[in-house]
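Encoded as structure tokens, the structure appears first; notes follow it.
Residue numbering begins at 1 within each chain, and the chains themselves are lettered A, B and C in the order written.
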Amino acid sequence: MTSAIEIKGLSKTFRSEFLQKEKKVLSNLNLSVESGTIFGFLGPNGAGKTTTIKLLTGLIHPTSGTAFIFGKSIREIVSREKMGFLPERPYFYEYLTGLEFLNFCGELFGLSRSSRDKKIDELLELVDLKGSEKMQMRQYSKGMLQRIGLAQALFNDPELVIMDEPMSGLDPVGRKEVRDIILHLKDEGKTVFFSTHILSDAELICDEVAILIGGTLRNQGKLEDFLNPKVKSIEVCLRGVSKEQLSQIKPMLSSMTFHDERILVCLDREERLEKLLAWVAQEKAQVISITPRKETLEDLFLEEYKVGVKA
Amino acid sequence: MRAIRAIAVNTFREAVRNKILYSLVFFALVMMLFSLVLDQATVGQRNKIIKDLGLGSINIFGVIIAIVVGINLVYKEIEKRTIYPILAKPVRRSQFLIGKYFGILLTLAVETLFMSAFLFLLVFFYEGVFDTHLPLALFMIFIELAVVSAVAIFFSSFSTPFLSGMFTFAIYVIGHLTTYLQEFGANSGSAILKALTTFFYYMLPNLERFNLKAEAVYQIPVESAKIYLSLLYAFLYIVMVLTLSVLSFERRDFK
Amino acid sequence: MFDKFSPKTKKVVLIIGVVLPLFFTQAYLQQPLNAYKVNQREDFLYLPSGDYLKPLALGYNQVVADLLWIKTVHYFGSHFTTDKEYPWLHHILSIIIDLDPQFDFPYYFGGIVLSMEADQKDRANDILARGMEAYPEKWEYPFYIGFNHYYHDGNPAAALPFIEKAAALPKVPEFVKSLVGTLYLETGKKETALQFFRKIYENTSDDLVREKISMKVEKILSEEVNHDIRD
């Protein structure tokens, strides 16, 4: 089976207009996205995520290397037939109404009037823009623009949907709705490739992620293989013990924080919890809460970032 | 094909929803009305001023609209990133550019027709008959606008609106003088000047070919072969310029 | 299908296969199109007079005048080599003058070409008279008017006031001054002529001029004597 996206040695160097100064933004990117997955493309600001996406959608040309969408080179127009694209901070013709714009998109795909109307109705429902479709898009809020952007990206029932920061600028409800749409697309067997720096969103829905830092790929893999499933640390909140008492077991704790009479201690090994609890019972203190902390994408990200910056 | 049509219609819609277009058309109409006043002030041939100024206004305001719309067409799409979703669909850049070109042609056609209708009414009101010599001149004005807007699109396919506007306007002006310049260069005795003016003569559009205003005003018959040749010339020139535009547009990275 | 080629190949193919043929064909078309000569007459008749053109020039009067000047030279050139008829020369020159009265070359051009080449003396003088308005200190314009009257019509009486005027202006060469004397003679004002020559004689330090004038005066006087004898 061919991958949805196959990136091979993609590099991009921008040349500034006046001084012809070169700026290498993407170097030798190799990446493969299996179809049917939700793929998170992570990276800090300026990592080259948008650049990669623009290369995939044919908006800019690679300096070297190439990429394939379902086996079709991005140089060929057919590579865009099964693709949908939601740009970063989408902006559309402000003088058009949402309805006119979607109709225009349908015409670009060469759809007939009746199939356009049907599809538009369906999409407006999906992105929850029913009732605002007759407004000029200059009056749309950021969230509405994001929704109409999503609608236009889905017009051709794409097998692959590429989204650049689909959740940025949205409120928690909006983000949840976008996540739901992405999950819905996956249910339909579609591939979703999206960039983001909102890690918790990625963690919630991605099957696979790649981390791009400074134009180079740092890491790529299945989310579950990626993050250490073991508990990373345990936070225990205690009441009724004094500093002096605690100092007896200090070697066991990786950190202590005091809030009035409450104390938050941190253990970095699971087996130490038993000992701590035994000690607490012995000292007649109270346990308020025990929170195990697993490794998050954020930890991984920060780690990679540190390495990336050093390199 | 559908994509080109959709882009053309959308371009037309954008132009029509733009206030600048209306103010330009309004000015042109005012100029034509002004010709009524001037006509009162002249002795001798009546209606001449009305036709002169009418054809002149339709021509010059058409050129202004062609340039203003033409130079912004592509640039605005890139600047506002409205081009992104279009090109990420199975739409070629050449289709986009050609769609834009047809859009501006449609805009200019409607605008020229509207102003021509106004001129016809004025002349009818004055002479009591429909002037049958005007349509050919008006049609050729439209052909000139078609050439000028192709040039505007060419420049805007790689340059900023300001520069494109300057270049296009310069070409419009020089395009009316190429014949004189070439003769001037040939007689100047300077080899460099001669080479330069000859280059201009063949490279730049010879817009005087489309100027039949005098023929219309003085009702001089025009050979139909000349018209066909001029149309062929315009067509070839436009296709050439648009192909060059597509070539430079294909290469571009959209920021 | 075309997409399979590399962008560079595509470009080369388009340039060689499309752009160049189009370029040469459209360039070639200029030739048959040139066969349909633009009618110069109507071309200029179409120009409204300067009074109307001025507001339309939107303040770019000089630029429009320059463009028209290029047209004028072209018009002159094309007729000079063909029919030697210049019906619209005066019209377009006066538009240029209306637009840009300080542009001095059209006055010379009009003054000389219209009278000598186009045989339109009155129109030439009209242009020159406007030159006199624009540049009252230039001796050339009144001189040419006088010259036109004298040589074109053989009318020294009409020429005299203009040559006189020219002779009184700064930087005027000596020959204009002596021409005034000659004209006095020809219009029968012998006494004035003699007085005039004497004045030049006294005012100049140029020996050559003095010699010539004394020869002239002697000639006048001897003619007078002969006259008297004959009477």
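Criterion: contacts are C-beta pairs under 8 Å (C-beta built on N, C-alpha and C of every residue); 3 or more make two chains touch, one makes a residue touch a chain.
Worth saying up front: this structure is predicted, and the values here are computed from it rather than measured.
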Most widely separated chain from subunit A, with each centre as the mean of CA atoms: C
Central subunit by CA centre of mass proxy: B
Distance between the centres, which are taken as Cα means, of subunit C and subunit A, whole angstrom: 80
Whole-Å gap separating subunit B and subunit C, where each centre is the average of the chain's CA atoms: 37
Inter-centroid spacing, subunit B versus subunit A (mean Cα positions, whole Å): 49
Multi-chain contact residues (two or more partners), subunit B: 251
In subunit A, residues with contacts to at least two other chains: 61, 77-78
Junction residues of subunit C - those touching two or more other chains: 7
Subunit A residues within the subunit B interface of the complex: 14, 54, 57-61, 77-78, 80-81, 83-85, 87, 89-93, 95-96, 100, 104-105, 107-110, 149, 152-153, 156, 162
Residue ranges of subunit B in contact with subunit C within the complex: 38, 49, 52, 56, 177, 179-181, 183-184, 187, 201-202, 206, 208-209, 213-215, 217-218, 220, 223, 225-226, 229-230, 232-233, 236-237, 239-240, 243-244, 246-247, 250-251
Contact footprint of subunit A on subunit B as seen in their complex: 1-3, 5-7, 9-10, 13-14, 17-18, 80-92, 251, 253-254
Residues of subunit C touching subunit B in the complex: 7, 10-11, 14-15, 18-19, 22-23, 25-27, 29-30, 32-33, 36, 38-39, 42-43, 45-46, 48, 52, 56, 67, 70-71, 73-74, 77-78
